[in-house]
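There are two complexes below, and they share chain A, which is joined by chain B in the first and by chain C in the second.
Right, the complex of A and B next:
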């Protein structure tokens, strides 16, 4: 039954035009960044390595697919959540807006299964969107720019990762990005269960993410004390996969915090939806 | 009727929304094979009650048993045998009529629903539009699709909340005929909510009238409608002359009220023709005789008060 419910949810998700906004945005944005890098990339690399060039000589293909993909992953950290909320915010609230809760909840299916299948539908959409981002940025990046060593700039340090030591890091980074986006999905899904219009969950989720990201970025002592309690703080941990050596403990801790958030947000949604009076 | 025949048994049901008591200590019994009329003016608590019967909202107090089982404990088992329309029918507008029904059939546990979907679409006259997106449908077509989805899984109990709302007279007649067909030919039990007494009278065997969430009248439709004298209005050319004529007769005791051109009597069904003959025989020109049943008048009163 649950597979049937998930296929129903997926058919609803992928028959709405809003679902394709995310794919369209990535399909437009990523090539624009890639073209810009093709034109201006050498200058950027020279700027990044200007201090080191006095002591070292750089040889090889530094403007490569890995660097492009790494830059894109950094740049889209706030934008991808917005594309996730477009669909996630509509999963439950969209039924309320359309009045279709009535035909859905009066069927012989438990409310938990309805919520669970919708969440899984959203989770599959999230995975596909991140996968599409990976294919567009890493796949096309490697095809156009080729492979090479990856230069990673961290505060005052520059780390150069061997070309044979990068691909697996990207696979894990995209995996971690999927987990981070699942937290966004779960939060927007929770808000979606509370209201009868998809705009509310989209705006609320984005407001929370933007506020948390700003708080995380500001170097103020008070904010530093609350930073560990902000889930956005852990969403950036994929960057640790490009350290050498990798702090495995830190990545596992971040992943567990994010998984806890997903469980908490999803649990709250189930609780609310089970108690909800369908008045729409 | 025996308790074994009860399909719906509602006991002391109440629903409180903050300040508003939408349903107040309501008890209902619906028996197998009934076409049960659930009447009340707008805002009487009909839809709230139906939503509680379908687990869309939870009661504040009271107990609901359907097919002899507690709705709270056996929700899925019970819903498997119920088809329903709740208020206006809404569907996924971006999907076709067929796809909407396919989704709902799968949710109802029908594995291969293709033939059944086309059957119910044909029954409601939408088989030629099965590929059309629902957003292109008129209100009447959506209403008919609503009935199709309610019948999709061949339920034993059909709950229809104002099924003729927004339909033209032909559409209303078709729905009435369909209800009679489902009841008489397919032996379905039908719980029909309406704010129109006439509509319920045409199809229902038993009925309940509720207002402000509470029961006002309950019983057999025919008995309820005919249990009291009828109020019969005689339109005449000269009311003064009528009163003079009847002064010395027993008819005067039956006089209820009068206006300029009307004299209104409380009469039994059989007395209408007798009085009419008496007036005509005595050279009174009677241009119209309009009977109004007391229940009809009562229902009209509560409906007007609720507006």
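Right, the complex of A and C next:
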């Protein structure tokens, strides 16, 4: 039963053109970044490492598929939430907009199963979007730029990771990025259960993420006490996977915080939807 | 910079007049050069280990090709950081240009008696303005070198030899020590822009000391590497 519900939800998701905006955006943006790197990447690396190059000669290829993928992941992880909310915000509110809410809940399926199948449909979309990002940036990046050591600049430290020590970090990083995006999905899904138009959940979710990201990014003493309570603070923890040694405790803690947010947002959605008076 | 060279020469000249030298620096350096000239070319495997507090780099396996007097080619399948000054160090490269040398004193280095000789390059375009050499007169090899450069501060090279297994004056290990500017490392496109950890910089010193350890193994000496090899690699 649940599988057929999920497949129905997936067919609904992939029948809407907005679902493809995310894939299209990634398909356009990633090659643009890759072309820019092909043209200007060497210059950027020289600029990044100009101090180091006063003392060292660099031998080898630092402009490689791993560096490009790392840069893309850094840049897009902040923007991908918008692409997630486009679909997630429409999952429940879209039914209200289309006037199909009442038909949906009169079917012999529990409300929990409806919410659960919709959420899983959104979760599959989120996974596919991150997978598409991984294939576009890492797959094409490695094909075009080749394999090499990954240079990571963090605060005042420079870390160069061996080429044999990078791929598994990317797999885990994309996995963590998926978890982060699932929080966004769950939040937009929660807002979607409250309203009857998808615009509200999309804008509200993005507004929350933008405000939280700005508070997290500002290095002001006042915000330091607030930061641990912002889920966006933990969404960037995939970066710790590119440390040496990796702070596993920190990553597990961040993953648990994000999972608990997903459970809370999803639980709240189920609660609201169960109590909801369907009028449309 | 010319004035600085003149001051250094004057100070060392006065010192050597006050404490008359008992060793001829040119003769000492010539013996080192003659000994090194037994090596026409070589190919050697190297392991490079970088030790700088803000920099973490995996150890690199590479190959160095050398041909007299100063042709050097470096080959590595992986990324490598090489000390800008000193990686291509050889006595012939150091002493091929015009210089003035002064014997300073005798010193003991790792229980080896060495002669300390200061070498001042006379060319105005040279990056190095002063080098101090610790020369092992019994083996005619340089055990240590400290150089002051115009733009990159001071660096030191310690050379260790395994002369029982190798009949040529080629090092088995080179330790390159230097100071590196750690300020203004920019947040590049792969930089961590987050302040989540709230970690502050550990200290605000603008420079930090660093070391590069180069271990040499499997020397192939005088194998007749053609000049064209270095030219083709340059391209």
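Going forward, the second predicted complex is superposed on the first by the 280 of 280 C-alpha atoms of A that agree within 3 Å, B and C clash if a C-alpha of one lies under 4 Å from a C-alpha of the other, contacts with A are read in each partner's own complex, and residues count from 1 in each chain.
Just so we're on the same page, a residue touches a chain if its C-beta (ideal position, glycine included) is under 8 Å from a C-beta of that chain, and two chains touch if they have at least 3 such contacts.
Everything numeric in this text was worked out from a predicted model, so none of it was measured.
Enquirer: Between chain B (first) and chain C (second), which does A:47 come into contact with in this model arrangement: first, second, both, or neither?
Expert: Only chain C is touched by A:47; chain B is not.
Enquirer: Classify the contacts of A:224 with the two partner chains as first (chain B alone), second (chain C alone), both, or neither.
Expert: second
Enquirer: Applying the touch criterion given at the start, work out whether A:8 contacts chain B, chain C, both or neither, answering first, second, both or neither.
Expert: first
Enquirer: Report for A:239: first if it touches chain B alone, second if chain C alone, otherwise both or neither.
Expert: Touch status of A:239: second partner only.
Enquirer: Quick check for you: in the superposed arrangement, does A:100 touch first (chain B), second (chain C), both or neither?
Expert: first
Enquirer: When the two structures are laid over each other on chain A, which of chain B and chain C touches more residues of chain A?
Expert: For chain A, the partner with the higher number of touched residues is C.
Enquirer: Go through chain A and flag every residue that touches chain B in one model and chain C in the other.
Expert: After superposing on chain A, no chain A residue contacts both chain B and chain C.
Enquirer: If you look only at chain C, which of its residues touch chain A in the complex?
Expert: Per the touch definition, chain C meets chain A at residues 54-58, 62, 74, 76, 78-84, 87, 151-152, 178, 180-196, 198-199, 201, 210.
Enquirer: Given the complex with chain C, which residues does chain A contribute to the contact?
Expert: 44-45, 47-48, 50-62, 67, 70-71, 74-75, 148-163, 165, 216-219, 224, 227, 233, 236-237, 239, 244
Enquirer: Within their complex, state which residues of chain B touch chain A.
Expert: 51, 54-58, 75-77, 79-80, 82, 84, 86-95, 99, 103-104, 106-109, 149
Enquirer: Using the touch definition up top, name the residues of chain A that touch chain B in the complex.
Expert: By the definition above, chain A touches chain B via 1, 4-5, 8, 11-12, 15-16, 98-110, 275, 277-279.
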